[in-house]
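Two complexes follow with chain A in common, the first pairing it with chain B and the second with chain C.
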Partner chain A sequence: MNLPKLVFRNIFRHSLRSALTILGIGVTITAFGLLRTLVGAWNTGVEASSDNRLITRNAVSFVFPMPLAYQNQISSIDGVEQVTFANWFMGVYVDENQFFPRLAVDANTFLETFPEYLLTREELETFKRERNSCIIGSVIAERYDLQRGDIMQVTGNIYPGTYEFVVRGIYRPRDQTTDASQMFFQWDYLNERLIQDSPGRANEVGWYIVTIAEPSQSAGVSEAIDAIFLNSRAETKTETEASFQQSFISMSGAIIQAINVISIIIIGIIGLVLSNTMAMTARERNQEYAVLKTLGFKSNFITRLIVSETLLISVLGGILGLAITFPLTDAVQEYIPAGWFPVFEITPLTIGLSALAVAAVTIFASFYPILYAKSQSIVDGLRQIS
Partner chain B sequence: MKNIPLSYSIRNLFARKLTFFLTLTGITLVVFVFCAVLMLAYGLQKTMVDTGRADNIILYRKGSDSELSSGVDRNLVNIIATLPQVGRSASGQPIQSPEVLTVINLDMKSNSSMGNISVRGVTPGMVFTLRPDVTIADGRSFNPGSREIIIGSAIQKRFQNTNIGQTIKFGGDEWTIVGIFDGDGSAYESELWGDVDQLMQAFNRQGAFSSVTVRLAELSQLPSLQETLESDNRLLTLKAESEPEYYRRQSRYLNIFIRVMGLSITLIFSIGAVIGAMITMYAAVSNRTKEIGVLRALGFKRRNVLASFLFESIFLSLLGGSLGILLASLLQFLTFSTINFGTFSDITFGYILNREIILYGLLFSITMGLAGGFLPAVQASRQNIVSTMRGG
Partner chain C sequence: MAEPKNSTILVELKDVSKSYYKNRFEIPVLSNITFSIKDGLFFAFMGPSGSGKTTLLNLIAGIDQPDTGQILVGGTDIAKLSESQLATWRSLHVGFIFQFYNLIPVLTAFENVELPLMLTHLSKKEKREHVRTALSLVGLGDRMDHYPRQLSGGQEQRVAIARAVVTDPTIIVADEPTGDLDKTSAEDVLELLVRLNEQFRKTIIMVTHDPRAAEKAHQIIHLDKGELTPYEPSQAGI
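Up next, the complex of A and B:
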């Protein structure tokens, strides 16, 4: 007997019910996909990390700076290729809700440490040459309609005063995980202002980014760096870029946990909707199962029939869900304030998890109908015909 | 003709136990998440608004949006103390606390990673007059002029080596924990407190406080204080804001995040549960085609049939909703700790249920019942008497 044909015909028997179930699963898978994308967006910082970069910051916390002089001291350690640094400037651009990071960076070295920010040679040269120049990510350029030569005015909050920058370069992301929503300007430009306005805060660095020759040496080099500054006024804590990023994620661990719990609840809801449909179907077809058994089909066949039908409905629902998730994710990204989630993309992992959810739900929802079909005797099934 | 008895609808629901149970559970879960999100947002709001009083005014540098990036010069503090709007204690002292706020890292108990914690340098003695809700729960307060700190009860539970008598190293020195304080559910419970002068010295702040908090002599004087700041050249750089307003602003992004993300996701997957209810109700209608025919033949009107099926669906969803709310109310025993995007430091708050949330939960479940039951109920009411009786 042609199983696929029977399964296919079966789902059209109650086409409204099947359509509703598929729609229900689809919408719910969409919610699941969005949540997983959100978790993925949270993790992009870790994924974008390079394993040959270390971050050195003040051991007390990120709020406290370190002396500029540390750059040379760190450079002298074996295994260190390059040391660059940055300060968190932020400030207010346009209005308070524009969050993308604005960093004062060491113009000579910073962009060499981050080869994933693609710039032309000319852009890079101009940036190094012009004191008040800045480089922005392509996402920022698009969002604020900025072009080379445009001026960005930023009002400082951490560093008081109004600052004007000329856009001299627009970097493109090399990888999908690369954050193209940042703005960099010359640390020297900031420092010159600080020497004038508040000399007590000049010549200080927010964090160092240390490029090492061999990723396998990261632990040793980190220890060597921290050992130099032990018992100084500004002790340091050095870790790989990935674990630095991870520590920020850990701090919002409860949110990730909550999202995970909701994800499981969502799968539960899909399971309930599908189970409901399949349970109804099984009861209605009791006589048919009896007829099939009478004709000599083994109960294995009926099991396969039920599982195939459940699978078909849930797979169709899953495909529908993913089809909605893609455009919806784009729409959500437009809506999220700039800088909240630099990368908001559906990852293969999300698709894989959705597929796994569909599979799990299929097994769950087939369970009762199979048990039911097996428990019914042929005679009972046929008697219902009355 | 009278309406169809409600018991007819209710009994029908229980006639098909499995379907009833599956649909009910779906709705319960959706309402549970819906309420949990609202409870969390409300818990955050309550923690933030409870942090401070309307007549406590925080003064910080204009242009900086938080204490963390603010700086208030030491000599401004003396000027502020003389302002007529600042309240006086029984002994005639101005009720004010110049403070310094910064962030340090501590190791969490739950995993090996570090968390950011706000450390606040406060004015010994006066700070407890200013914030009477803060009380020492265990141990004693820090001694002025010493490297002692007290720790908020919320972080004491979450971070390693934070018991009384243990020391924390920062600012080039060891600080001994001498007490644990409660803040009546406020954000202060997520902070460490010590003597402001000691902390300024340790952090090398060179005479710049982060903020000054003052008690108004009278609640209505905030506008007058703001005017004074505008008109006095020495105080032009300062901004005055009431504590509840300030803390609300500090938590606005976390609040938006919880509400917008939480509710929009919930709304999306609630459609799934609504469709589940719809499937159940359609099945109920098609199984009872004959019954509907009988009811109509007995003289019940179409609208009676419509109302009866709609009631069945609403009853189902209300029952699910109530269970969901009940389940969510158990969350009140839990607390939720995360990083506050506004201050970059750890904040602990609870899930708090209030009447509004219960009401929203019930309204939400009724809406789900209506949405899921309406079309099937219309179908039921449209059945033709003769053909339904003939069917089957």
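Up next, the complex of A and C:
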């Protein structure tokens, strides 16, 4: 006879009650895991940001362009290593529901600025050489069954017209947080069309990506860039890539905040449910605790017994919850419109937070039963029997 | 029954008083109790309900503390021990038998008897041997794997007796050990207690309403309204 054996026997004393409590914790941890995965997916862009990249955009709004000529001026600032740029092209591929970022980029510099997009040298050289080539992420290649040499026809909406691209490379994500659901094509290809069709929109850039030598210089370099274009027709706002990504998320800040609050409330509810179960157990077994104390077991043994029983129920519920969360996350991903979240996976952080939630629930739910068991004298417990 | 000869005093109470409080009102239960119990004695408390018998037993067993007075058991004043010290003292010196057996329902007979041995430093093998010996002693060697719900009341009480003796305590306290048993089972349990007293020289202190149980004791003390009164066999219906 030992403590673990006693704990194990006790939690199956009321099998149905314990099973329902474990199931309840499991469902809660599943909900918690899903919500945390959702918040994590929202934050993927921020997490994937590099410390040595700055984004310069039009100070009025992201949707207003800037002159191409800014590239050389930004390049001349101390601390700047490289400047590349991109335009949000979007357009319609297959149909309007097929969402994934489609960007016109500077072929000579863009992909070198983003080492997290893994390409072969041959793919990169071909992309730079062929005007109508494009590079797609592995997720897009898989989703649309595209291979090198295939044609992608995109109908422009921001930039009207029909554009045809030849897939010349498929990049793989370097990190788990790297977005592998984008398409890049040559900005020159778009610009040539604009010179012909809408000359007023040609030679304009959506945003600049500035690589700096030292992340610690980001504030100084940002100020220097914005100072150059002060009082120009397109004033700029420069910030770190993480801040830039954060500004997109902040648009959905209230929703994310609500999800965070809900996930905490869920843990609170299950804490109360388990606390109630354990409180009932403590009250029902008050006489048994009295008998144990009579035999010579001290109060700290009763405390260990209660905490161990609560912990075992919580851990079993947590394991069940996580076991459900993995397949359920995959299933939920199927229902999320393609391209909404480049990465929708359970991260180690989510698993860690779930474990933390289990620990918090255990401590919370043990609190009252321990106090109750400690407050009851042996005589009161034995009197309850008679 | 004849008292054992050449016995020393094992339990000694000096001016012990105890009150309980209910809704801030003091309810005196025991008043200036003084008496002693010799080693190896089969001792019984009798008296009407509410006379303080169980309270007195609880004090001697170290599961309650007196308001005033001294309780010396084997030379130790247990009234001065802390809660933690008392717990250790009980595990070493006292075996308990309750009216309603108080076995742990999720444990087998073997495991219930093994429970107090968790507090000892015996090896697994030694614990197993002790438990088997104790269960054989009470005649339940063939019921070791039975859960309490699979045993009769008499058998449950015998498991409780095995649990009480497995640590080889100095005294065995029994609170109405036959109170919940039929006549035959009660007789079996009493015979077992007598055997433990006679063969193994265990000091047994018993609270009982049952005159047949009291008959087995060497000495009987009568309590009434928290005070010791002269014992008259007619009070117990003997």
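Heads up, the rule we're going with is that the second predicted complex is superposed on the first by the 383 of 386 C-alpha atoms of A that agree within 3 Å, B and C clash if a C-alpha of one lies under 4 Å from a C-alpha of the other, contacts with A are read in each partner's own complex, and residues count from 1 in each chain.
To be clear about the criterion, contacts are C-beta pairs under 8 Å (C-beta built on N, C-alpha and C of every residue); 3 or more make two chains touch, one makes a residue touch a chain.
This one's a predicted model, so the numbers in the text were calculated from it and none came from an experiment.
Asker: Tell me the contact category for A:Gln287 with respect to chain B and chain C: first, second, both or neither.
Answerer: In the superposition, A:Gln287 touches chain C alone.
Asker: Is A:Thr303 touching anything from chain B or chain C once the two structures are fitted on A? First, second, both or neither.
Answerer: Neither partner.
Asker: Going by the contact rule set out at the top, does A:Leu295 touch chain B (first), chain C (second), both, or neither?
Answerer: second
Asker: Is A:Leu382 touching the first partner chain B, the second partner chain C, both, or neither of them?
Answerer: Once the two structures are laid over each other on A, A:Leu382 reaches chain C alone.
Asker: Scan A:Thr109 for contacts with chain B and chain C and give back first, second, both or neither.
Answerer: In the superposed model, A:Thr109 contacts neither chain B nor chain C.
Asker: Among the partners chain B and chain C, which is in contact with a greater number of residues of chain A?
Answerer: B
Asker: Quick one: classify A:Leu20 as touching chain B (first), chain C (second), both or neither.
Answerer: first
Asker: Looking at A:Gln98 after the superposition, I want to know if it touches chain B, chain C, both of them or none. Which is it: first, second, both, neither?
Answerer: neither
Asker: Once the shared chain is lined up, is A:Arg9 touching chain B (first), chain C (second), both, or neither of them?
Answerer: A:Arg9: touches chain C, not chain B.
Asker: Just to be sure I read the superposition right, which of the two partners does A:Ile270 touch: chain B = first, chain C = second, or both, or neither?
Answerer: In the superposed model, A:Ile270 contacts chain B only, not chain C.
Asker: Spell out the residues on chain C that touch chain A in their complex, using ranges where they run on.
Answerer: 58, 61, 63-64, 83-84, 87-88, 90-92, 96, 98-100, 102, 104-107, 111, 114-119, 127, 163
Asker: Which part of chain A faces chain C closely enough to touch in the complex?
Answerer: My answer: residues 1-2, 5-6, 9-10, 12-13, 287-288, 291-299, 377-379, 382, 385-386.
Asker: In their complex, what parts of chain B are in touch with chain A?
Answerer: 18-19, 22-23, 25-26, 29-30, 32-33, 40, 61, 63-65, 68-69, 102-105, 108, 110-111, 113-116, 170-172, 203-204, 206, 257, 261, 265, 268-269, 271-273, 275-276, 278-280, 282-283, 336-339, 344, 346
Asker: Hey, which residues of chain A end up touching chain B in the complex?
Answerer: 16-17, 20-21, 23-25, 27-28, 30-32, 34-35, 38, 59-64, 92, 96, 155-158, 160, 200, 233, 237, 246-248, 250-255, 258, 262, 265-266, 268-270, 272-273, 275-277, 279-280, 368
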